[in-house]
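The two complexes that follow have chain A in common; it is paired with chain B in the first and with chain C in the second.
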Partner chain A sequence: MATTRTIEWLGRFYIVLLLGFLYLPIIIMAAMSFNASPFYQLPFEWTTDWYQSLWQNDQLIAATWNSIEIAIITTLISTVLGSMASLALYRYEFRGKKVLQALLFPPIAIPWLITGTAMLIFFFGVGIGRGLVAILLGHVALALPYVIVVVSARLQTFAPELEEAARSLGANQWQVTMRVTLPWIMPGVIAGGLFAFAVSFDQFVVSYFLSTPGQTTLPVEIYAAIRKGFTPEINAVSTIIIVVSMALMLLTARFFKFGGEK
Partner chain B sequence: MADQLAIGSRRGLKPALPLLLPAYLWLTVAIFLPLSAMVFFSFMTDLPLAGKEWSFTLGNYAAFFSQSLYSTLLFASLRLGLEVTLWCVVIGYPAAYVLAKVLKGRSREAIFLLVILPFWSNGLVRIFSWAMVLREGGILDTALNAVLPFKINIDLMYSYPAVIIGLVHSYVPYMVLTCYLTLQAIDDSLIEAGRSLGASRRQVLWRVIIPLSMPGLIAGSALIFVPVVGSFMEPRILGGRTGTFYGTVIEDQFVAVFNWPLGAALSFILLAVVLIILALAAPVLRRAG
Partner chain C sequence: MAGVQVANVSRSFGAHKALDNVSIDFADGGFYALLGPSGSGKTTLLRQIAGFDFPDAGRIAIGGESVERVPVEKRRIGMVFQNYALFPNMSVADNVAFGLSVRGEPKATIATEVQRALDLVQLGKLGGRKPHQLSGGQRQRVALARAIVTKPRVLLLDEPLGALDKALRVDMQIELKRIQREIGITTIFVTHDQEEALTMSDRIGILRDGRLVQEGPPEEIYDRPQSEFAATFLGDANIFRGDATGSGIKLPDGTTIAASTGASVPAGAKASCAVRPERIRISTGAAKPDPANANMLTGQVSKRIFAGNNSTYFVDRDGQTLKVIVQNTGAERLAEGQPVVLSWSPDSTVLIAAA
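Moving on, here comes the complex of A and B:
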């Protein structure tokens, strides 16, 4: 039928428009980071000066290292703690389980502005104060629910008979977990870990309220720079960040299906 | 089925506790205690730090209700949330429909990934990228002037539309994701049945497809509306002087004015609004989940 083909054609065209809307600003930002004019003037003149001057910016480099360190530690802690909690929620039946699962929702659903300011108040009150420790505490808490949700989704595909079989063959609880359950849920654990890394590496709002000068992360440093005025240097560092975080998510997608194909 | 479940799951909180405790302790220290502390703090006159005098007061909440500035800004933020959500529905729903029902096979998977990929990349950087497009002498300005025979000045930067564009760009992948999931679950035979019984395409859309995908629409709307109401970085970067919203006022209390108790009270009022909205959406979200 002709109209079906028209609809199909229109649909494809619409998706192309949407992808243009989603990607064009990012592509333009990236292009401008290679443009010689500091005021973003056209015509375009190729340069890598802005990337080279990033290497001289000690503040930015220090913030980048902080971001990477915090993201790695956040990934390790939240993946281990989150996988443990997922296993417990999967294996055991107890009263209040529904409540525990519901408690994962607030950290995801409450705006980071509220969570961030609340953490600032509390950490100040108990003497932790602001700085990298506070940022790490916050990031792990934000990443944990994502890890638990992703690992739990993977556990749904696990056949409990396998654990039972291993147990009846004489394996103890530890061996069952390490040799049977963990290998099966590994793709979920890796995807959860990558999610955690992305949540931490891209996190701005909570880090913003918890950082102090000198103890800050890359997005906070970029925000401060943007508010001082736009420079091609910001474009350069932003381009690097967006390439890294998109590559991370592509990697995650290899381990975890978003589409929910049935 | 029931037997299989019984094999895998065992009763009792005790054996589960060592596995659960570390994660939930962490969440308590970093999320739940801070939120409680914020409520407590919002009733204080000053920070209980460095030996400062403080007492309990309702003054911070009185400030919200007596000065129309705060409620005006809260309404401005709610309106911003509503407008951004509507645009996300208008732009995102058709895209989700095309992905779920028109495209097939490998191209669908690849395009779906492309659509939601930006959502998981850095939000701050994506907002900043719009500054390159929207400013006077920026790409939009230059491109339009190259095509159009007459001279126009496009300077959307630091305006309300700029904030809307940036926020829609940030959140539309959410809507595509949630609507795609519910649209994909609709059996094609239901649509064919409607068509063969004589319904027009439009009737099938309004009577079958949209009602069945309502959970996705509502889930997406809640997940977009809530963070937009609390946004402050996006209006700051793209809105300039026009970008004063409820979120930016809360930010000011903590980083510029240092009136933390007032900031806590304003945050808590926002939290209450957010919780009411989530509670209204929760039954639908539960059915969808």
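Moving on, here comes the complex of A and C:
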């Protein structure tokens, strides 16, 4: 009996340790974003000054808007294109399909540093150069495989007879897709979209390669600011990003759970 | 409503001939069963008629109109799938309404028609449920209501009762037959269950390896099978093989079996005879010479299976095991190992030409 209780206690201790390891740095950073001292001095003195000065940092705000804009456009484009690609891969047999499917996975594993370098060279070669357009194109390319993988996984659970049943009732291809297939894969599409948003919004390496001083994203701007000299404003903006990112991830988890239930 | 004509239809998948020159005429308003073992091509044929797949050669007409190159959504057919294929994201009523809705019918018309279809399958009150809240039998009824609400020209059923348990299946057979009669729709039903084919259909087509083996009313196929396959696939049959004599066959041991139905086979050619187990009389002594007992064999009971209303005897005779079904009339039951005499009429013996 005593041993069982010891094991149970050890188990709990382990979980607390693990969560502490994951969240303690983040919690300290969030706490320090509300601390008056710019040098992390204690005792803790409550302030929202850093958030206010953040509000006046035009560069950081501009970069934040860029990030949000790019993330939203990336999400829209890669979700639509990725879902369409998944449907095509699901429905049709064509030459080179296996090769195409196999080629979808490596980009997820290739280090972003290498992808970023390759994109930089490529975009210069074709005349796009650097800037927000280049960043957007890069992000869409990074996000697409994630969307396709997630939506295709959802499509694996789809019964093809449903499309056949809809067709036998007189529905054309468009009606079949919009009224039968899409409602079924929707949890996958939404989860894929959230992945795409996260890939874009959290993206540093590729954005760093493709940004110019005036046209940059929030992670790149934060990095530049840290190099110039650390201010608790960075804590403040990081805290905001963490809250937004975590909310998105929780949403993803929720949709994935829904995906598994039906 | 319309009849369906399938003429010389062939379809291959790679080297596999799924359908090999199949021709069947499905009469307007009839209930037709396509029966065959798995891989016989019955589902392929149904999919050609539905329009999910097009034949390599041959003609398919619905109501006299050639449709072999018309896609399924333009054929105006109704189909019930093996696993029902109800749309999981829609309510029962929306499932049934789907066909009318994609056609752009007015909302009021749709509501009336959906209610009428649900009433017909006795689910009038369950329109608001989701498919996963229904039992197997109820899902089956929804699938049927959805298929007929659009007033299709022909109703296609792909093993629709396969997923139901035995008792429910019998209920649904009666129900399906009632609904089919009520709306008078030409119905083509794919099944591998011979009992289902016999009890439900006006005509049966037996398929094997992509070919139509025999086609006709259930009684005709059962009483006069044209091949050993048809005889043994639809019901049980004892098969004797030998040489044709002109009035029956002569077995290798010299015994003759007289047959007065079936094919005419020239004397000397290879032929077989089929006898249904319930047509054979079994007794312990020799029966009186009588035209009704003209065929007579002796053997030994090797096994008896009692099934309440009848018993099946397995009788060993010269290396062959014959099956005899005897109604439970209260007569004395025979013991295993007992020598017996089997006798039956030439009228119950079907002569089959060797394939």
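The rule we apply is simple: the second predicted complex is superposed on the first by the 247 of 262 C-alpha atoms of A that agree within 3 Å, B and C clash if a C-alpha of one lies under 4 Å from a C-alpha of the other, contacts with A are read in each partner's own complex, and residues count from 1 in each chain.
Note that in this section a contact is a pair of C-beta atoms (placed from the backbone, for glycine too) under 8 Å apart; a residue touches a chain by one contact, two chains touch by 3 or more.
Predicted model, so just to flag it, every value in this text is computed and none were measured.
After superposition onto chain A, the partners chain B and chain C occupy separate space and fit alongside each other.
Of the two partner chains, chain C is the only one touched by A:167; chain B is not. In the superposition on chain A, A:61 makes contact with neither chain B nor chain C. Looking at the shared chain after the overlay, A:153 reaches neither chain B nor chain C.
Of the two partner chains placed around the shared chain by superposition, neither chain B nor chain C is touched by A:73. With both structures placed on the common chain, the touch criterion links A:179 to chain C but leaves chain B unconnected. Put simply, more of the residues of chain A are touched by B, taking chain B and chain C as the two choices.
Of the two partner chains, neither chain B nor chain C is touched by A:36.
In the superposed model, A:224 lies in contact with neither chain B nor chain C.
Fitting both structures onto chain A leaves chain B and chain C with a minimum C-alpha separation of 8 Å. Chain A residues in contact with chain B (one complex) as well as with chain C (other complex) are 161, 164, 262. Within the complex formed with chain C, the residues of chain A that make contact are 159, 161-162, 164-172, 175, 179-180, 183-184, 262. Put simply, chain B touches chain A in their complex at residues 4-5, 7-13, 15-17, 19-20, 22-24, 26-27, 29-35, 37-38, 41, 47-49, 91, 94-95, 97-99, 102-103, 109, 111-118, 120-126, 128-133, 135, 137-139, 142, 169, 172-173, 177, 180-181, 184-185, 223, 226-227, 229-233, 236-237, 247, 250-251, 254-255, 260, 263-264, 267, 270-271, 274, 278. Of all residues in chain C, only 50, 52, 71-74, 76-79, 81-83, 85-89, 98-99, 102-103, 132, 146-147, 150 touch chain A in the complex they form.
Interface residues of chain A, counted against chain B in their complex, comprise 7-8, 11-12, 14-15, 18-19, 21-26, 28-29, 32, 40-42, 77, 81-82, 84-85, 87-96, 100, 103, 106-107, 109-115, 117-125, 137-138, 140-141, 144-145, 148, 160-161, 163-164, 198, 201-202, 204-205, 208-209, 219, 222-223, 226-227, 230, 234-235, 238, 241-242, 245-246, 248-250, 252-253, 258-260, 262.
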